[in-house]
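Labels run A, B, C and D following the written order; every chain starts at residue 1.
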Amino acid sequence: MGASGTVSGPDLSVQIGSLTLKNPVMVASGIFGYGDEFRGLADYGELGALVLKTVTREPRPGNPPASRTVETPAGMVNAIGLENVGVEALVEEKLPLALSYGTAVIASIAGDTPEDFAACAEILDDTPVSAIEINISCPNVRKGGMAFGVDAWASAQVVRAVRPATRKPLIAKLTPNVTDICAIARACAAAGADAVSLVNTFSAMVVDVETRRPVLAANTGGLSGPAIRPAAVLRTFQVARAVSAPVIGMGGIWNASDALEFIIAGASAVAVGTVLFADPAAGNRVLAGIREYLVRHRLDSLQELVGSITLRDGD
Amino acid sequence: MGASGTVSGPDLSVQIGSLTLKNPVMVASGIFGYGDEFRGLADYGELGALVLKTVTREPRPGNPPASRTVETPAGMVNAIGLENVGVEALVEEKLPLALSYGTAVIASIAGDTPEDFAACAEILDDTPVSAIEINISCPNVRKGGMAFGVDAWASAQVVRAVRPATRKPLIAKLTPNVTDICAIARACAAAGADAVSLVNTFSAMVVDVETRRPVLAANTGGLSGPAIRPAAVLRTFQVARAVSAPVIGMGGIWNASDALEFIIAGASAVAVGTVLFADPAAGNRVLAGIREYLVRHRLDSLQELVGSITLRDGD
Amino acid sequence: MTTREGPSQPTAEGTDGRLVHRLEAPILESARLPAGYHRLVVRAPAIGAVAQPGQFLHVWCHDPTTIGTPPAAAVLRRPYSISRVWSGEAVEILLQVRGVGGRMLSGRRVGESLDLIGPLGKGFRIHDDLRTAVVVAGGSGIAPVPFLTETLVARGVRVVALVGAADDDRMPFPVDRAEPGRATLLPLEAVGAEVTFVAEAVEGKLVSEALEERLEELSGPGAEVMATGPVAMLRQVVKTAGESLPVQVSLEERMACGVGACRSCVVPVTGAEGIVYRTVCRDGPVFAGGEIAWERLGR
Amino acid sequence: MTTREGPSQPTAEGTDGRLVHRLEAPILESARLPAGYHRLVVRAPAIGAVAQPGQFLHVWCHDPTTIGTPPAAAVLRRPYSISRVWSGEAVEILLQVRGVGGRMLSGRRVGESLDLIGPLGKGFRIHDDLRTAVVVAGGSGIAPVPFLTETLVARGVRVVALVGAADDDRMPFPVDRAEPGRATLLPLEAVGAEVTFVAEAVEGKLVSEALEERLEELSGPGAEVMATGPVAMLRQVVKTAGESLPVQVSLEERMACGVGACRSCVVPVTGAEGIVYRTVCRDGPVFAGGEIAWERLGR
């Protein structure tokens, strides 16, 4: 795997607002909880950042059980429904363990109202989290979540409410379930987001044809995994051209080549999600592959690659 | 495969406006051209309807070559760009061959303006096509296509323009690349569409990381195949609840169980697309499986199944 | 045994001191069994050394060398109970082939490796004063019973196993009806259980009814029920025996991570402040029968 | 041989009278060859009886019995030239393993079947007055050459084959350098071609340059060039020989349907009314070198 770990290797660092990540590979929100449960299955401290499960002002039970996830061709549909311990328990019980990995930890927040988001951000402002991701794109809750993220004005409202509550870099996480994701990205950036991340899941449904009921207890959920990758790459490409803020790309990344598609299309950083359920060391594998690619292509820094796509002439 | 072909089998017929299809399995537009090229590879006359490649007023060359399609996990991305012979050549040269299968033939039309669509419909009104599908959802053309389909008012404009041009049943084909597909479905139905079909492809991009260029000559394309199935099933479910017009569901159907998901979620008929490239007899396989399911579940008619989903309580 | 791409030394998982390993375990045996079951034995001393009965392995169904390419089917791992541990060196799973993942695993061959994570979850609690374990198993719930029995017997516990299935031919083990009026499973007897096999089609009753019949006889201080199998059976067992005896049940739920992070596999548990969700993969799969809010279990 | 789910009797395809079959063809040989090539021979008399050199098969890479479940990779079929026809009964393809589809096919075994559609496309036009065919092949363009040569020789045509590769070890056939100053490929000689092998690394030239050197000698009435290989080579061959001789080229393009319906695989052709798109799968893969609009070929 080439020059991995050598001191003279390419520069992999990434700038997200005032935050510098040591490399572009992050863990996506909701995949590995508050960071402690996967401990020991890979060297998560090696990655650029760990985004924790989205939390809300108060703890939430999430959607009813049986089932909350279901497999689909090259993907899965989940409807966890933002089950979480609440922002206060996150800070008191969970954060110290997540921080012990020795890499940047990013909190993810959600709420029913812009004020809810702001309240979470205010609490997190006093903690060592490196940044705050604003989840306005969860398809699995009735109020809040995607209801904000599908509307540019409502998205901006949330970002505007959070902005004064913290000096931490703010990342707005976008849903792909919209007609014009660029408009929403621009609205978030204008409202003060330092970066945008995308995509959250594509809303979806799986039917059990024998019982004629939805497989998910919540009826609907969000599609993730390799299945959505080409759709996620396009949205990353579009948003990267629409805003000057850095873009964190994700959706179906399984290997380094997948991650490089996002980076070349315009992502400054990438996140691995679903793949971690199959391969807990996928982030490390992707990181090693990106480093190897840079070495092989004699690129001194990742920055040279970000958005370096050359379009075809078209017709 | 059970009772297939027996006279006393379940009633598979489907009503689309004034049109009765003998069964619910159709071939999706753009997959098998004008119907002649696949001849002999399966018994296409056995299927409920054949939707021909979208045509425009004038012939179109489509997108530049190399490449127009690329494989992705459990799917493919295409950017054919509506290459077609034009509505007149369709009627004169292609239609007789398509009609010779002995099942319903549905023409699909597109254009840059509502008048273009109307002109095509007028020409088709004098032919034996069973219905006309209005393609306002092609992601692979710059003008027209999806530009109409992402906007409820513009979609309705097209349907309204076509409605007086023909007495044939009209089917509006919807794009999933929107925030609210139900609003668009309702607008089309209110404007005179007898049915809606969905989904067309999800817009997507694939990057060649070695050349750092898009694989598709048109840069972007549309994602189809099993990858999108759960996202397509949800949209079919939503639209079937939003309009009283019949819904034709498609997107990633590979086998009978997949088709039944769409039907139980609310589709009166289904279409097979991408799967035909792998298995030219997939439509027949799906049809046999649906018949077998009805027999096994002692259902006398397909109608009992359409939209028969029972939702879970949710939280 | 090598650990793939992860750290080569397993580290403590979380803060509860448990050891969880991810490893590529060489397949030592891959055998088709009756009734669509399959046995896989892998060399995994690191897991064998610490595994408890009731714990499970999270298994990647594909060839470990293909982990870098996304599959269409079996994108997620599959949970399987540890069915036996052989001299602490080898670990056995007993799987009923239900879908695509099981089919793939049943095609894996000796000489290949299995990418697995384990041991996971909390197994059966074996209290010091346990004297008699009434092990009730239905269908593929048979899988963890050999390991459980061996462990209990080694601890001096009497194991009374009531095993149920729809018919004799629905079992991975041959049913022995040599002794008139009694059916048994010799492989389970061999590990020290007193076995009663109950085929609904032959005996005309369910295993939970067999439990009811023997409940009085088996009740007493130091007795406990440990049940594995379909939810309907577990619920019935708790109803039947829950008043007289402590009951532990092993639950199944769809999983993604398998380690308690993603909250996929929750079940409703009645706690001090009402119903809370607990994970099958980390808080379970074994729960006290009384704590499950059965009416909210869904499906 | 059985036709899967389709009609059991092949019918005329379209209106041009060609016969196309879809069938499950038993694999008779599956052999690893040098340089990452693989040979698959299947029993398919229906195809063998009508195949023309230059035509191809559209191959489903997976086990035919899994056609009802969607795959993650190799969702589409893969096009491969017919490399040989054995006594009209068996058909051979010679594939260079490039990606996932090729890898799968190289893992298929004797006794299994291959789900294939063919013969597809229009092959090389063999005119009645053809006397000398100069067959120029680069890289995996070697695949159709044995079938082409055999057919030409049977028609009394002299076949001069110029075969190029980067080096001797990039060929599926062993390079014979027994005769000083000349390299050849015995399997191609065996079917009747006069072979000159040109390894860029050894001879220090490209196969198109070898063609240039011999062009005058080979030109004359009844002579024609037939070229298969990478686009850059084909373009060079047309440039070199196009003025002196008719040139036919076999093109490759990404396919979906393989039968001319989906318009995936088009190439730009200069027609009476400017540039039009023609399909590689149905109008080709063999085109007149002069009709291709090379500058618009893309990539």
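The criterion applied here is as follows: a contact is a pair of C-beta atoms (placed from the backbone, for glycine too) under 8 Å apart; a residue touches a chain by one contact, two chains touch by 3 or more.
Note that this is a predicted model, so its numbers are computed, not measured.
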Chain at maximum distance from subunit A, centres defined as averaged CA atoms:
D
Pair joined by the larger number of C-beta contacts - A-C, B-C
A-C
Just the number, please: Cα centre separation of subunit A and subunit C in whole Å.
35
Distance between subunit C and subunit D based on Cα centroids, please, to the nearest Å.
55
Measure off the straight-line distance from the CA centroid of subunit A to the CA centroid of subunit B, and report it in whole Å.
33
Hey, how far is the Cα centre of subunit B from the one of subunit C, in Å?
46
Subunit D residues touching 2+ other chains are 69-73
Could you say which residues in subunit A touch two or more other chains, in rising order?
61, 64, 73-75, 217, 225-226, 252, 254
Name the graph shape formed by the protein chains and their touching pairs; answer line, ring, star, complete or other.
complete
Would you tell me which residues of subunit C are touching subunit B in their complex?
70, 72, 298
Of all residues in subunit B, which touch subunit D in the complex?
30-33, 36-43, 53, 61-62, 64-71, 73-76, 78, 80, 83, 97, 217, 225-226, 252, 254-255, 274-281, 284-285
Subunit B partner contacts - residues on subunit D that touch it in the complex
4-7, 10-15, 20, 22, 60, 67-77, 117, 253-268, 275-277, 282, 296-299
Touching subunit C in the complex, subunit D uses residues 69-73, 100
Looking at the complex, which residues from subunit B come into contact with subunit A?
61, 63-64, 72-75, 77, 81, 150, 177-179, 202-207, 209, 212-214, 216-220, 223, 225-231, 233-234, 237, 252, 254, 257, 260-261, 264-265, 293, 305, 308-315
